[in-house]
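Data first, discussion second: the structure below is written as structure tokens.
As written, the chain order gives the labels A, B, C and D, with residue 1 at the start of each chain.
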Amino acid sequence: MSVKEGRVHVTPSAVDRRGWFERILAIRFFEEKVQELFMDGLVEGTTHLCQGQEAISVGSTAALSDDDYMTITYRGHGHALARGMPPEAAFGELMGRTIGCCHGVGGSMHLTDFSRGLIGSFAIIGAGLSVAVGAALSAQRRGDGRVALAYCGDGATNIGTFHEALNMAAVWHAPVVFIVENNLYAEYTPLQVTTAVTDLAQRGVANGIRSRIVDGQDVDAVYEAVLEAVAHARGDEGPSLLEMKTYRFRGHSRTDPAKYRSAGELEKWLERDPVTLLERRLRDEGVLSDDEAHEIRVRVQKEIDDAAATAAASPPPTLDAARAFVYASRELR
Amino acid sequence: MNSASSEMSYRDAIREAMADSLEDDATTVLLGEDVADAGGVFKTSVGLVERFGRDRVFDTPICENGFVGVALGLAVTGYRPIVEIMFSDFLPSAGDAIVNELPKFRFMSGGQCNVPVTVRAIGGATGRFGTQHSATGETWYSGLPGLKVATAGTPQAAYSVLRTAIAQPDPVLFFEHKGLYGVKGPVVRSAPMDVGTAEVLRPGNDVTIVASLLMVQRALRAAAELELAGVDAEVIDLQWVRPMDMTTILDSVRKTRHLITVEEQVQLGSWGSSVIAQAAMEGIALDAPPDAVTLPDDLLIPYSPTLEDAIIPSATQIAERVCAIVGVAARG
Amino acid sequence: MSVKEGRVHVTPSAVDRRGWFERILAIRFFEEKVQELFMDGLVEGTTHLCQGQEAISVGSTAALSDDDYMTITYRGHGHALARGMPPEAAFGELMGRTIGCCHGVGGSMHLTDFSRGLIGSFAIIGAGLSVAVGAALSAQRRGDGRVALAYCGDGATNIGTFHEALNMAAVWHAPVVFIVENNLYAEYTPLQVTTAVTDLAQRGVANGIRSRIVDGQDVDAVYEAVLEAVAHARGDEGPSLLEMKTYRFRGHSRTDPAKYRSAGELEKWLERDPVTLLERRLRDEGVLSDDEAHEIRVRVQKEIDDAAATAAASPPPTLDAARAFVYASRELR
Amino acid sequence: MNSASSEMSYRDAIREAMADSLEDDATTVLLGEDVADAGGVFKTSVGLVERFGRDRVFDTPICENGFVGVALGLAVTGYRPIVEIMFSDFLPSAGDAIVNELPKFRFMSGGQCNVPVTVRAIGGATGRFGTQHSATGETWYSGLPGLKVATAGTPQAAYSVLRTAIAQPDPVLFFEHKGLYGVKGPVVRSAPMDVGTAEVLRPGNDVTIVASLLMVQRALRAAAELELAGVDAEVIDLQWVRPMDMTTILDSVRKTRHLITVEEQVQLGSWGSSVIAQAAMEGIALDAPPDAVTLPDDLLIPYSPTLEDAIIPSATQIAERVCAIVGVAARG
């Protein structure tokens, strides 16, 4: 194993982990704000929130280098923010404004940001996985030590292209890490109604990929697992799949009251709220004082509110601007 | 069957067409993502699993190509499946089943089987769903002999065209428009009809407007605007893209001597182009060149509500284009 | 386990197994004849022969009841013949004549025969698997005890829809048996170049399906394994996957000289020629005498030659006939 | 680059366009099923892996949607992939990648990236490959803004259009025709050109024949037959379906006052319909109604050699249809 120098992260420092706390809070507050903005008619269409799953975004992106690649899904606000997208760029996109990361033509399901290695945000189930394999092959051919991280949901492991991506990654030894966020539901339908296996890590094994199950509510566990998988990929040791057991606290999308939950299920998972878990741990360890925690909450909430206001003040894109996005060549504009 | 008309939304008409088909024929089944307990993402199958049971109304995993294949297997062994594709943008995910299997299956077997599968695809913009969730696509698959392709622009058509589709011994791709679900109108629970019939929704003498899906409603509103400008428009709901009712359309064109087509697709490869080409090939004399109102050819459907509204043809834009060809000034 | 009465086959009799020998020979001779017909210009286009893999067709179909369903592939001559399709119907199809099972409009890749439960023959990789699941669900809903058998190649296990079919079969407990004929190559490319795992049975496991590896050169072994899997499915115990290790003695299709083989590979496999293996075993067991074997060879060869001649005398279909195959409804003819 | 012309088959022109592109730009890669060691099922990439190595020319598993996705990933991170789809009938197997990802990727990202992917699809009948291996399909995807769609009807076009396609910063779907691989002709190794240009292969004054792929060769033969009947046909190789060169085509139509399109697809949704519709919408005066020679609308492509030959338009049939519109008797 020849891990590229300076690439392996060490045990995260107290500073890092306080940063994680800020980030996880920012995501939580962002998502809550989105619900408000929906009520106010400032965000239209549909949106897929990630409350309950934020530890995965925060822990996994913390394990990456700045120039690594990521592909995410329609449920991608958390990943984009965790990767460092300014909240006004995310809000702007949800509101369809020029300040948005995709200048408002993408919308909630398409938070792409090439400047941060976030090379695609996919609204079609499973589509981003093979794209991540392609990005990983780029890095492999150049030998520049980058890796690609690809996220998908549990439901996505039933669509064929998921398996296609895994098989190609394994055959070509691509430096890619697949993260399956198993939140137990695909839209309104529980995992077991549509899925033959309970542990989705099994599906990595069937494609010759080392696979692990991870506690998706625990930022530290996520970080550790992804760090290891990323080092493995960077060291030319091949791809990994990490199944993160998690839960979404809200409905699938805006219009979903989530009546399909079994009694007590949500409550049980709320006890493992990733925000609370991290905060409690940092306090227990003395990394974060009560005052600090309070100060951070207030500050982050204000940042989110300000970002939403900034985004709302941005104009919508023009048709001419949108037209220029269709083709890169001059001929067809 | 109740032949009295009742007021119903397009959404309810879809559900009732399925319910009546499930009721009439015990081999009819409905499958798709979230169609059972959740009643469909767009609530078009609410109550059906409770009424017909889990053997006949069932949820699938997310695997469009796979479950359309399953429908094919059910169809050639005695069932009559209805498959819901949640957004018509996911039809390409079932591309092989839709293009190479359903339409070709009977033919390749030398006519040994029927393939009574109806694929319902929910399409259309105006909902701010963004670039990957807003396509209609009714002509993408219309170049496939073996397949029948249908659409509905009114609650009545939602009922009767879908009912007809389900009754076919052949595969039918049926397009709904999510922007129409809330539209209400009178619905007669008609028995399955002939395929390939367009419907004249508003007779008129000055111009023939042929439209599909949401554009039917907008064309009707345009006709109301045009009336104020003294233009008497005939509005036709295309309904069947394959086979297409050229007789009804061209008879109307011969009468009005003006033709305009309206669809939520780009012009290249559109059904409108085929209608206009057919009129030209039959040498029908027009008083002005025909026109096609479509999506812009140099844009995809943007999320931004402002932009989405700008590119989907409005009633007023349709009326203006009609005025331009009939040679009167539009009244704004 | 509630196996439907009269459905479970017992140990095959000597008569049965002599029948298998006739059938395996018929397939072998058929495929050899096809090569001749190609040279003579009587078969056009492309064709995919199955010499070396005949034990799978013969053993597996022997384990079925008459009303069970099958879906096969472009490499399906053996399966169709084993299922009882008259050789003139198969030859006729390859020659594009009305006597063909699909009246000559299908061709070599499409030997469908509903009268024998052979409900589809697919030229697109993986497409028949979900169709078999659908047929199995039909049987399940009717409770008529039928099962569906679906064949595919090793290369087909890399396309997404393979996994989709497996997952659906498992989730719905469909009475279906998947047979993967692992002949080590997909067209001109060896398995390990494109496939992350060596034992494809692994891919059944990842979809919650009981899976087994079977010696695909041995008719008895194939029969026994399929019989067990079929009984399981019929008894409402769910789907199975059987990976049959095998080899094709000819190139992928007509134009392929098969230069990609490693040295000695073909020779090694020819030692396990399924026709010779069965013949030797039947002789060793005293089920077949030398004279009988000779008589059968001569007779079967003549049947094949006669069938080819019969087919060649049949006319091509008319355009009107073909037109009637497109739609079942009157309106569009 | 060598600007002298050399005699070459269509197949070799395809290979040379790829070889020269691989040579010129080290980020160009080629992937697909059996493209490396086997040199492609239709032998269009023979020798390329030996010349450019396994990092740049590599075999994929059978998973069309997956490997087109991989090409997309390579493209947006610095590579310029060429993807071979062995039969264009397998494009639907890559449906999502072709319809929803490649064309929309740059747009949805707000113009953050280029998507220089060329998908080569090998299409066409006459090879007795049967219903699932004989489609061309050049208009199936032409209704997708964001994608460019190209074809080639001659060895020269095979070289220059493919070379141009590979050089694009945008995704291009390039159709070849397996019935043309053996056709020979002079080829100049031209540099990449502009997209969206049709080519006048034979100038003429009496009728404009626009054709694509194999039909280009048949249209040229038809023109030779027509010459004997005293008809001077202008033959245009369409080449780019999106963007389409309406200027060249309609200028020709204005000159000849007769228009006929020829393609190996059915008429509904065809590019021919779009050309005819455009001529009508621009009010171009013709001396006779236009015509479209296509595949029959009520048949799929049969295996039977007799039937396959009967339904694919022949040079003589094209000449007869031309005679019918220009009003002279065909010479058999």
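The rule is simple: a residue touches a chain if its C-beta (ideal position, glycine included) is under 8 Å from a C-beta of that chain, and two chains touch if they have at least 3 such contacts.
Predicted, not measured: the structure shown is a model, and the values here were computed from it.
K.L.:
So, comparing C-alpha centroids, which chain is the farthest one from chain D?
P.N.:
Centre of mass proxy via C-alpha means gives A as farthest from chain D.
K.L.:
So using the touch definition from the top, which pair is joined by more C-beta contacts, C-D or A-D?
P.N.:
More C-beta contacts join the chains of A-D.
K.L.:
Can you give the whole-Å distance between the Cα centres of chain C and chain D?
P.N.:
Inter-chain centre distance comes to 37 Å.
K.L.:
For chain A versus chain D, what separation do you get between their C-alpha means, in angstrom?
P.N.:
41
K.L.:
If you average the CA atoms of chain A and of chain C, how many Å lie between those two points?
P.N.:
Computed from C-alpha means, the inter-chain centre distance equals 45 Å.
K.L.:
Roughly how far is chain B from chain D, centre to centre by C-alpha average, rounded to an integer in Å?
P.N.:
Measuring from centre to centre gives 30 Å for this pair.
K.L.:
Give the residues of chain B that touch two or more other chains, as numbers and ranges in rising order.
P.N.:
Those would be 60-61, 63, 65-66, 89-90, 93, 96, 100, 107-108, 130-132, 145-146, 298-300, 302.
K.L.:
Could you check chain C for residues that touch two or more other chains and list them?
P.N.:
Touching at least two other chains: 104-106, 110, 122, 124, 158-161, 164, 167, 171, 193-195, 322, 326-327, 332.
K.L.:
Applying the document's contact rule, which stretches of chain A touch chain C when the two form their complex?
P.N.:
158-164, 166-167, 170-171, 193-197, 202-203, 205-209
K.L.:
Hey, which residues of chain B end up touching chain A in the complex?
P.N.:
Going by the criterion above, the answer is residues 33-34, 37-38, 41, 59-66, 89-90, 93, 127-133, 298-300, 302-307, 310-311.
K.L.:
How about chain B: which of its residues touch chain D in the complex?
P.N.:
89-96, 98-100, 103-104, 107-108, 130-132, 139-140, 142-143, 145-146, 241-242, 244, 265-274, 276-283, 288-292, 296-300, 302
K.L.:
What does chain C use to touch chain D in their complex?
P.N.:
The touching residues are 44-46, 93, 96-97, 104-110, 122-126, 155-156, 158-160, 186-189, 193-195, 260, 316-317, 319, 322-323, 326-327, 332-333.
K.L.:
Quick check on the complex: what are the chain B residues that touch chain C?
P.N.:
Touch list, chain B to chain C: 55, 60-61, 63, 65-79, 96-97, 100-101, 105-115, 145-146, 148, 168-170, 194-196, 243.
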